[in-house]
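Following are the structures in question.
Consider the two complexes below, in which chain A is the common component and chain B and chain C are the respective partners.
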Partner chain A sequence: MSAFAAIGKSARRVEGREKVTGTATYVADVHPRGAACARLVLSPYAHARIKSVELSAALQVPGVIAAFSGKDIGGAEILAIDEVYFAGEAVAVVVGETEAAAEDGADAVQVDYEPLPVVSDPIAAMKPDSPLTRAAQGESHDDAGAHGAAVGGAGTGRPKPRNVNQMVEFQRGDLAKGFAEADVVLEDTYRVARVHQGYMETQGSVAERAPGGGFTVWTTTQAAFGARDETAKFLGIPAHEVNVIPTQVGGGFGGKFVLVEPLAAALARRVRRPVRVILDRTQDFLVSHPAPGAVIRMKMGAKKDGTLTALEAELVFDAGCAPGAPTGIAALLLGGTYRCPNLDIVGYEVLTHKVSPGAYRAPGAPQAYYALESHMSRLADQLGLDPIEFRLKNAAKEGDIRPDGRPWPRIGLIECLEAARAHPMWRDRKKLGADEGVGVAVGGWGGGTEPATGGCRVNPDGSLTVQVGSVDITGVNTTFALIAAEVFGLPVEQVQIATNDTDHAPYAGASGGSKTTYTVGAAVLAAAQEARSQVIEMAADRLEAAPSDLDIADGRVFVKGAPNRGVTIGELARLANRFGSRYKPLHGQGRAAVHTASPGFAVQLCQTKVDRGSGMPRITGYVAVQDVGRALNPAEVIGQIRGGAVQGIGRALFEAMEHDEGGQLANATLADYTMPTAADIPDIEVVLIEVPSELGPFGAKGVGEPPAVPGAAAVVNAVEAAVGVRVKNVPIKPEVILDALEEGGKR
Partner chain B sequence: MAKEKTIRVKVNGSERRATVEVRRNLADFLREDLELTGTHLGCEHGVCGACTVLVDGEAVRSCLMLAVQAEGHEVTTVEGLTTPDGEPGPLQQAFWDNHGMQCGFCTPGMICATAALLRENPHPTAEQIRERLSGNLCRCTGYQDIIASVLAAAAEDK
Partner chain C sequence: MKAPAFDYEAPATLEEALGLLQARADDAKVLAGGQSLMPMLNMRLARPALIVDINRLPGLDYIRIAGGQLQVGALARHTAVASHPEVKKGWPVLAEAAAQIGHDAIRNRGTLAGSLAHSDPTAEHPAVLAALDGEVVVRSAKGERTLKADDFFLGYLTTALQPDELLTEVRFPALAPRTGSTFVEFAPRVGDFAVVGVAAAVTLGGDGSWQDVRLALTGVGGTPFRARQAESALKGKKPTAADIQAAAAQVAEAIEPDSDIKASARYRRHLARTLSERALTTAAERAAGQGGR
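== the complex of A and B ==
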């Protein structure tokens, strides 16, 4: 492809000015005149019958305006009515003049509960004598559609254990024969903790009645249209009567779709005032939807030469109290990354008394790859093979069949592995000192799709305004500006991005699933191309030239070979925006429904030194290799990859939502839920691989999710390389390493 | 009812007088009473650093300080670090130019913490920056571009 004017050159954030000067508006900054504040009352029990909710004391608190139980507000989706299914489920809400009044009011609400039996651990929940969770019923609203992976798989008549909502099964070949052919068979079980997205801005929404009827909702969401639809549905009004104004999103990572929007609007309706529902950190930890924990049993067989012969896996995902765990996605990735003729994978989505999980950066993939990549490195060890060579020997490529029968499109897994193999960190790993080692792990993501529209208006000053309905969470607006700038050959500063509210925006799906650039970007590209054709057509008329003889550069349309004959884009727009003009306004619209995903792969190398005193691994170096198709804005792509890698490292070293047997979350503060700080993380070298997608704009693939996938396995594989201790459960407990070292787990 | 007190604080160069509840923290005072919403709240617990502001030039977590404790002191928020006409100041410019933010939620706290750091140590090493900013959480960037922004700001300021 020829050189690009704008694409591939790092551009700083279009919205950077507001973010660095403190003028960006996040949801907690929205204060409509006369706004009241709401505070949730949360259940202390993980499972209980609500006998009564007594609000009168709360209503006596000075400054309290109103208080509602679930029954009053009507809708168990936002406030429990008869029964609570997790500790932290909201049972009532108090509205006050101030945050403090609402909080005092919430403390005064008296709820009478009858505690019921609790099961918190998914393995215990599958036992025949376990307490029953919420009846395992209803179809799963797996995020697979949004995230672009299939679920399902044919049933084989395996019994469905207690509290299992959904099972997925994938089979191929003859498992017993596969294991019989193997020279080495390895079986083990891995556990991955439930973790939180950890966005720095907690969730919240502000709602008010709109003057013309309906409601206006400001919210921190990745999915403005989704939030609109859910809010309208809850209120029982048509979708067009809700206008969602997406604010800046202080981090989402999959965690911010719809949460308190319907409640905020319902309260604004009841108290006839604007209402702010801003969660504090502890409430956010308790009521939002984190990433599920998983227990994964793996059994794999391979021949001496490294050929995989059989893969058996049993995945147990802890879905909390409602369906939605990404079991199918996990099973597909786990069984599809390496070629293996004989497969048997079963996934169980188990209900327990915890909040139901939502999406978090590549839902299901970090769990699956943690188990798979731990196992792959151990198998390589037992076979006496280099871990990267072993992976390369089996790595899937275009045309290989995934567990659900679909072939892989062109993917960059092999290119990523080769780049990791060539990296000095890998080549020189044997030269490291005592207690230091390098681990490798792969991670992948199927990539999502969703239709989208975009607009591109040509302005009288010669600039472009791109209109979208998607929310910018990690720099996509800047990428859209680059795309439009590229089409027109304009500097990126000449493009403004308008993220519109749902009353005004062209439709776009959620910003999630690593698909915003891939799909909304495609719509923006089409819109800019259409606007460009309009500009050319109008210029042809003005210059009395054939459109094919015209070109655009530096904001001017001119006749090829006669650059003096030209007209600026601004002049054309002025003419088209004039009273009595015979030209139509210059405004391109683009629509896209890319429905074939472009999967992305990442390979990460972790170098770690284990401290023999504390057992704690310290990350001393890190390399993140990723196939991004094409890096439209390299600086931001690299930044997003680093951020993802650090989330993976967080899973390895620190992060776990700790529930006790009674289902209580023990660490619902940022002091107790530890996330990586600047001092825990070394510089991360990013290696970009560009295997262009045929469908993404300029070859781009989704970038956001793959880098968050390999981290946990890369770290534990590095620990084994450093001190010979195999960690099976993440986050790593340093005591586990210490004990193993004491028991002679030396090299 | 909660007790109130009248305080005088210099905020971003202007003398402010206000009557506040004694239990009101500095962050809420800045955000709600003065409408300086650039100061963000990520935990209200002293852990995340998003609420960092400068009090007499020192980095302070405004969620942990009471508004009444600021009486007689000079408070600078991220809004106070712009140029006099409201354009990004040098530190802010360095964060913008060096991709030192993604979602931007941690950014005001990072910038204020950096201002305090560079005041004490105008030319820190990357390692010193990592150590000093370890009380400011960022979930998006993996920190590296933030460190680069601080280094760039320090290099500007010869």
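== the complex of A and C ==
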């Protein structure tokens, strides 16, 4: 590692100053001249026919400019037209001079609904007498079928229950034989709540007609190009007529791809003024796409020596009112993390009358690993084996075949488990006092890929400008700066990052799937290397030396062995950026299409003390171990891991979107939807494991998603270690622990 | 998240404020710390036509002792109450409760009087007022009256405060010598509204027996619950763990909590028992520490 000049040393966030001084521009800070404000009117019913939308009273409200129903604006993607499928679905929108006027107008919109039967719970939805949801009413969902098929196995002719959009199945070996060989068989069902990404900045977009035609859209998104394409598609114009300017993102976590961009642009077109659509927290909770809840039945068998013999699982994902739940990836991870010769896994994507989920940090994995890792610790307990030894005995490694028939590439699961086993929190766990214990859990994520382009311009002042089309939601821009700095041997401060709008940016995919450093970073690396080659080539000409005889250090190109013969990078750029110059400008372009993922694994240890008065577990210590391939910017990687661990703890102890039987979300405020705050979280110790990727820049793997996966099971396993109570549903209700304690616990 | 339109007045004198309340009694709302009112306005759960902002009224932020009695003006903030040396010394339960309200930002703006006037069923201060036999001073253009907790708190977010009245002062009588007190609550997260909270004040006689016991709970109904039966059962006895447990169990029996999104009625009952036990134990220990034995 000492071979690197910049890589591997913690660097300050390139955008840190603007954020901490409050000068960063978020979407709500964008006020084009003459901008109007829009306010959505949301359905109070989870399922209803829209009989009429009466806008006249709204139009009488002072300050209201315009009001539109779904019919008026056209396109059920953004406003319902005939029928609503979840409580909170937008049915109308009011545009006003101010946010208050728009809200006054929205209050005055009269919508006549005919309520229709609702099914809110996915298990209830699968029953033969359940009300039918949207897809089950005969609409085609071909694209949805394709969505999960990428990871789905072949079907075995299982019947498809009511309201199930899609089934995923994986089989291997002989399940009955596997269970017959087992000394211990454990079966149970686990529930994981629907949770929200909980980003600090709510969603919003600002749109304006561009002078030459088309539209400019400022938005908080992880996917500038995706937002451009969707907006153009909705407006029926070519993609190049929409320019998306991505603003600073106040947290995305998978929740910010495309939401109100098309609406903002459509409204700007209709009212011929710039329009701001900034959601408040409650509307954001109601209309944005959270992480699905899941019900997972597990049955596993193992021999006395800890060898797994059979795994049977049934996953039910609550997809809300539209397909797209991550059932396939959940089933794949659930069946692929440990070696098991006999498998039967089936996943059901069930439609209900709720908003459809979107992505949230390792979509599907926290649900799958919660069930798997709860079960693994309980099996270890029943076998009388150490939970980490039991996992190590079965852990997948390079070459092991996953349920989809593909082999694992090089992964660091075993290295992470070994590091957790060696940690003092684990070694000393039996020395803790009363009601305190340590739990362990594994989590993993396959990681995404997507082609990307990057640019690297050499400036006359000797600095570099790296141009990307990816949005920085995690600190990746700082990592890009480190990558370019490493290539040129420059201090990281000499690299600026330009996150360009879609008119100007080199293409990059969405910042999601733990792939930004992995893929855009690879493009930036290639761009910087090309720029370096150009610098060397030009310097060779200037210095009359062979390129192979040149080296770069401290911002200067020089002849190896004759360091006095040299020229600064700035001087070269000045010569190239000059009237009449014979040198081409120094500008590297890099392209990358890394299409093999480097999966990342994490192991977390949670220490908890249960308060016998309230049943509430309090986290008293936490260790997060993760294979990151190579930590390019350790500060960023450690921060990512801590944040992920906190989100896992949130799933374990606090977070649930609570829907009643009528499909109403009961806790659509941050007072009622409780996420952990700094005061609820102990110091989280991060242990970095570096099993380098063969493909990622400098060996880096995606680090964003794995740390958000193991938390729920780690906490629940710690509760069992502390007081002998097994919790099956998360978030934990302390009342459940109390009840079990009063019955004397399980031990 | 924008409040509906309202008129706004920021009177400079108490008389002016009371005049406004009298003139617009039916549709006016008083703004002090705003920690409950502002969210209610912005979420459009409250739609008053007039906001009477009392923050410019002079001299209402006092915390003073008069005749052994603690008097807290309408504009004294939670932070001031929690950190006031005389409060900490003479009425520690009040300081302890104030310190458990929300977060710093909330405590820096929110007021004791406002908390009582708002009467959230899980707020800390209503239970303290009930436990300490405090009273509130209520003024209107017509005059002044004082009310005890039992007469002031009427139900969920409902008090005896009339629309033309302003809660101007909160009074707490001095605690007797050899009194130990505490406020304990359970909230899932630091800074959340309590699910259940308990204020306890215990006075020990010269022989170490329970001379006076006062116990009030929040979060177990629409109004603070003063556990008089449990108090009587303990009076005269010497403090033992068994008696405290029995009294706490009696509290849990006596209350009639509701289930809501935060907790089931059964869980609230359970918390009422465990927190009452903790509060009585701590209060008794503190009383003993002051030479009560």
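Methods note: the second predicted complex is superposed on the first by the 728 of 747 C-alpha atoms of A that agree within 3 Å, B and C clash if a C-alpha of one lies under 4 Å from a C-alpha of the other, contacts with A are read in each partner's own complex, and residues count from 1 in each chain.
The definition used in the following text is that a contact is a pair of C-beta atoms (placed from the backbone, for glycine too) under 8 Å apart; a residue touches a chain by one contact, two chains touch by 3 or more.
Being a predicted model, the structure only gives us computed values, none of them experimental.
In the superposed pair of complexes, A:E54 makes contact with neither chain B nor chain C.
Once the two complexes are laid over each other on the shared chain, residue contacts for A:F253 go to chain B alone; chain C is not touched.
Using the contact criterion defined above for the overlaid structures, shared-chain residue A:A679 touches chain B and also reaches chain C.
Look at A:D280: by the touch rule set out above, it reaches both chain B and chain C. In the superposition on chain A, A:L738 makes contact with chain C only, while chain B stays out of contact range.
Between chain B and chain C, more residues of chain A are touched by B.
Legend: residue contacts after superposition of the two complexes on their common chain; A:G22 is shown touching chain B, with no touch to chain C. Within the superposed three-chain model, A:A635 lies in touch with chain B and out of touch with chain C [touch as defined at top]. When the two complexes are superposed on chain A, the residues of chain A that touch both chain B and chain C are 100, 280-281, 669, 671, 677, 679-680. Those residues of chain A lying in contact with chain B across their complex are 10, 12-13, 15-26, 28-29, 31, 62, 100, 197-202, 248-253, 280-281, 473-475, 635-636, 639-640, 642-647, 669-671, 675, 677-681, 683-684.
On chain B, the positions that touch chain A within their shared complex are 1-2, 21, 23, 31-32, 36-48, 50, 77-79, 81-82, 86, 88, 92-93, 95-97, 99, 101-108, 111, 126, 129-131, 133-147. Interface residues of chain A, counted against chain C in their complex, comprise 98-100, 103-104, 107, 280-282, 612-614, 616, 653-654, 658, 666-667, 669, 671-672, 674, 676-677, 679-680, 734-735, 738.
Note for the complex: chain C touches chain A at residues 1-5, 39, 43-44, 186, 188-193, 261, 263-264, 266-267, 270-271, 274-275, 277-278.
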